[in-house]
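In what follows, structures are represented as structure tokens.
In the two complexes that follow, chain A is the common piece, with chain B as its partner first and chain C second.
For the complex of A and B:
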């Protein structure tokens, strides 16, 4: 019980940066990549500055790969001869060292990452950025950091996605798995979209209690990051932030991928179809004809519905 | 189904018993680490035993029969059997509804030779948790009646449509049961109706419980301690294979529009173009109708327009089952599970770090785990996390080669 007083609230922020070279802003003006990166690095450093025990990790993704650009594996190794005790001293005079280290590490890792993309260049123009993959990495990482935290440390983890891509349909299942895992582990997922309204990611924000924001112009990116996404979720209630978007939760049928209001669901595998068919295309179950579908039990009906 | 399970029932339990021997042998101060590792290995083993692509009973209807007899006041579980059971059941309810989104659960309590239905089959976990909390404060008295409880569960389960999966889970602290008639007749009835009955014993093996689970294709286990108890409950979270008696059908369902903002949005944030109205779920509990339930936010039945504040729900006006698309998506991982990773010797592993969590492999790691599809190497923690929680391989989703 004495631990209550010593309990330290800390925050791990994992930023997923979309580095797909076909994002419009990168195609139009490749130099803007540095502008976006500098904003992300500033956000990361501001987050570290808020509390000495705050942590940050950055994951990059494009159409061919997703990879960590910065995590605790890249942290500055303690100098030999310096014991654990002296880290507190190092922090007071070593803040700038840490910030500079983060910047150089991220930039170096991005260079390697982008070169990888060049070498495995993709013919398919429409292939999507592997954001869902980056998120699975982030969740594994958060899972570990959470296990390694010291007693009395209350670690809140959250995700921030920065993307200028549309779509996400091809990774639908992975996205859903990520959303539910994050929700289960109380990880808030925020999205800062540079260009599109993203239906799927909006669902993710809604499920995890995060914010979705499509910024009106890239120039103001850093301001948006610092005003909207730097504050921790509990503080946000007190701020004036963009209202939550309307999220469409209707189902898409497995047969045509169209959104439907009423559909048929396979009782064995829960696949959704827009019309009755005698066999389930997902699990090959043969169904009884629709006449026998009515439940035997009728619940008490409520009259006077108006 | 019964024949499939035969002989398997004890595998997990014996594996666990062996772990205690292993812990006793190992007394060089590494105890805690090794216990954790052993439990994780047991988990891995359980995952490996999972058969993919079996037909599952996804629309589950489960009755929990909870012993509230005098035997539950025993203090071999801390603080008492009753309180410990209630605590663990709360966790179970949450997991159950998380993994079985369009399933239902009911609760029956037995004490003083009687059975009492304390919670009808319903699809909202919050209600169940409240009721379990109430039960944990209630009395424990007399003898339980297994037969009365089973008959009560059966009387409700037999009314369900043919595609429903029917199950009973008995948590039994008592070693005796007070039954008015021959319980074997009840067991045969349950079997005929395809009700799968599992029993978790808190004390010692009871013949009639073994008989019950064996005949109906359920699992029977006796707990070793509270951790084991928890694991046994979690085993019941996975949807069971579809019973042979179970029909397969296409069920007509409605997917209501999410009428405003988040589910928890209150009246004040409701948009003004929607008329204010009560939701159907709070119409009958008049005392609970307060201003917070009057609002524009809610889910509208696409067939008749009735409003509900929570999903999933069966429309009270037209009978249509209303769900949201993510509700269904929540259980797709049962159908498309990540293949088990290959256990490889640490010496064969060339990677310095786990692909998932970026942890450095150290000498203590005897094994590493390799995804057969993407060949990435993971640590034991990530292996468990990916298969138990995440249900997507980070390696496979992180590289376009695997799409």
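For the complex of A and C:
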């Protein structure tokens, strides 16, 4: 008898989907949303198909809200007693029950999510998607699953972000917190950008050891997802995948959200500013103006010379 | 010079292999495989058994209609893993998941088996016809919940195991089941009174985890389906359907053929499905039936009760259980000392382990058994789950019995001169076929394979001398 592996490998994939209606591809052609969602659902199902023990969760986010579209609480759980419900989910075609269930659940949840009145309120203003918030939600979820697992079980978790938004600078701090938490928890973060080269998220991928890919065309989204993002990190080492691009590590300043090479850093909270400000806007620390330092030094030097 | 006969015979290794799904499907003819692939569930099961790289290959070409050049497929994997690549290609071809096809231009390419492709996509994306067991069913007036099904399945399965260890606590195992145990050579008829007794394979079987046991059992059952006038493809398809069904959900028996209903009754007997009434028209799959094909890869602790064994560095084994079966299993290789209502204490001794080894159980199996059923407290301290001293000692006790290495050979002796002996010995040594030699008694042993060559050399040498 061959030696049995002691641990059971479970891999958890959490997909964060940007559902902001202000994304350019959606404004141009709203029907593309269905295409993107179908691809995401298929990717999730493929992940479940790879191994019996694999788990998946999907988080949706827009400018005002982030919510689970699918998580383990949604998994098939027939409730005896409520007999009406158990007959409701009879399979009508050849699809595997779990896949069909995921598809219907996600679609239903997205419908509810998009119709939520609160969310449309913010859409009119130029707000960014709360991807960082959704990521935090995902990290908490992973943490919980990690704690609930039985002894001897091994959980590999990773994140995948799908977005067509540009910015992200306004959530700089939140993003950085997410990146370093993920790195500490050994969670790989992948980003699939539908439109822009996202500097900040590229940094995140680099920090956590994930992949960043800006897909050249939206039509082939599913193939890109399956080729690049479906393989698990250990397998990726064996496959030939697109090489990582050079990452722009410049930080965005907290005052104007511009990328800067050299700037001022708050000594208390490490916030970055492109111009000097006497009070740190993040932690309210009061600084002495830098100008006063220079003349003092000069005076001392002169005294020494004399 | 005279040649003696065989020096020793290679002892037959008697550990038995539990085939996995891949090994089993390989033995089936291609036409049967194609018939099996007509059902989405089978495709899923086969897919999950592929090597991990192979699974990604399949996904990559699942939505491609034309053949993909072989050179392109080869470029997917980094150079240093080319060995793995050839391995994967072999598996995929053996299982007829893909076939060779020429691309316009003459290059060799791969294309997925069209039946496999169609049904794999169907499983993933939907479409096609539903399995008959999924058709509408009125709500069960007395629906069963998961704990009930688990308990039922465990009870039924333990009943079979109980019968094997002969603790005869529960009757209620049918003649068919006994016949199957005999067929699987897990039990054999006693020479004296004809009653079934457990064999050494049976002992090894007992120490496997439940999922493996079920799979092994099913394989043996499938061997005998013809005797029951059942169709192999139909049975396998149904098993895979079961393995991808949902626990705690009821399915209908309407539309199932007479033969399949009979098959269902057999499964019911081993606890793979639950039926309240034979003619009730509905059944519930149990945990035993789920992921049946996964066998080795399924999680421990899923089906088993929580682990109950604590092993200490002083070789004491504590089994927190009141089940006779579990105590009997531990007693296979432990000397039992005390028995309390919920706890039995045993000790691993050289004698007890050697006795187990004599009955055909390997050290690896004992260690795996202890590890598999380790108490949660032991797992919490892991790694290592078991005290390394105990594990090593069990292995040493096994090695102790392997002091002899048997190799087949031919003895050359009674050489007339020392020189003759030396010439022949040096020749054999050069060829690397010499096993043993003694210069004083002028004897040497040559491997069986090298015998012909050495003999020919000796004849030539003799002729030259004459």
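Keep this in mind: the second predicted complex is superposed on the first by the 220 of 306 C-alpha atoms of A that agree within 3 Å, B and C clash if a C-alpha of one lies under 4 Å from a C-alpha of the other, contacts with A are read in each partner's own complex, and residues count from 1 in each chain.
The rule is short, and it goes like this: a residue touches a chain if its C-beta (ideal position, glycine included) is under 8 Å from a C-beta of that chain, and two chains touch if they have at least 3 such contacts.
Not measured: the values here are computed from a predicted model.
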Query: If you count the residues of chain A that each partner touches, which comes out higher, chain B or chain C?
result: B
- prompt: With the two structures laid over each other on chain A, which partner does A:214 touch: chain B (first), chain C (second), both, or neither?
  reply: neither
Message: Is A:67 touching anything from chain B or chain C once the two structures are fitted on A? First, second, both or neither.
response: first
Message: For A:149 in the superposed arrangement: first (chain B), second (chain C), both or neither?
response: neither
- request: State whether A:49 touches chain B only (first), chain C only (second), both chains, or neither.
  value: second
- request: Applying the touch criterion given at the start, work out whether A:100 contacts chain B, chain C, both or neither, answering first, second, both or neither.
  value: second
- request: Once the two structures are superposed, pull the chain A residues common to the chain B and chain C interfaces.
  value: none
- line: Listed in rising order, chain A residues that touch chain B in their complex are 61, 63-68, 71-73, 122, 127, 130, 132-134, 136-137, 139-141, 143-144, 147, 170-171, 173-174, 176-181, 184-185, 203, 206-207, 209, 243-244, 246-252, 260-270, 272-273, 276-277, 280, 282-283, 285-288, 290, 292-299, 301-302, 305
Chain A partner contacts - residues on chain B that touch it in the complex: 55-59, 98, 102, 159-164, 242, 247-258, 260-262, 265, 269, 280, 283-284, 302-304, 306, 314, 316-317, 319-320, 323-326, 328-333, 335-336, 353-354, 356-360, 381-382, 385-386, 389-394, 397-401, 403
Message: Under the stated contact criterion, what part of chain A meets chain C in this complex?
response: 1-4, 6, 8, 42, 45-46, 49-53, 76-78, 80-81, 83-84, 86-87, 90-100, 103, 150-153, 222-223, 226-227, 230-231, 235, 237-240
Message: Looking at the complex, which residues from chain C come into contact with chain A?
response: 15, 17-18, 40-41, 44, 47-48, 52-53, 55-56, 59-60, 63, 75-78, 81, 84, 119, 122-131, 134-140, 143-145, 204, 208, 244-246, 248-250, 291, 294, 296-301, 362, 364-365, 368, 371-372, 376, 379-380, 382-383, 385
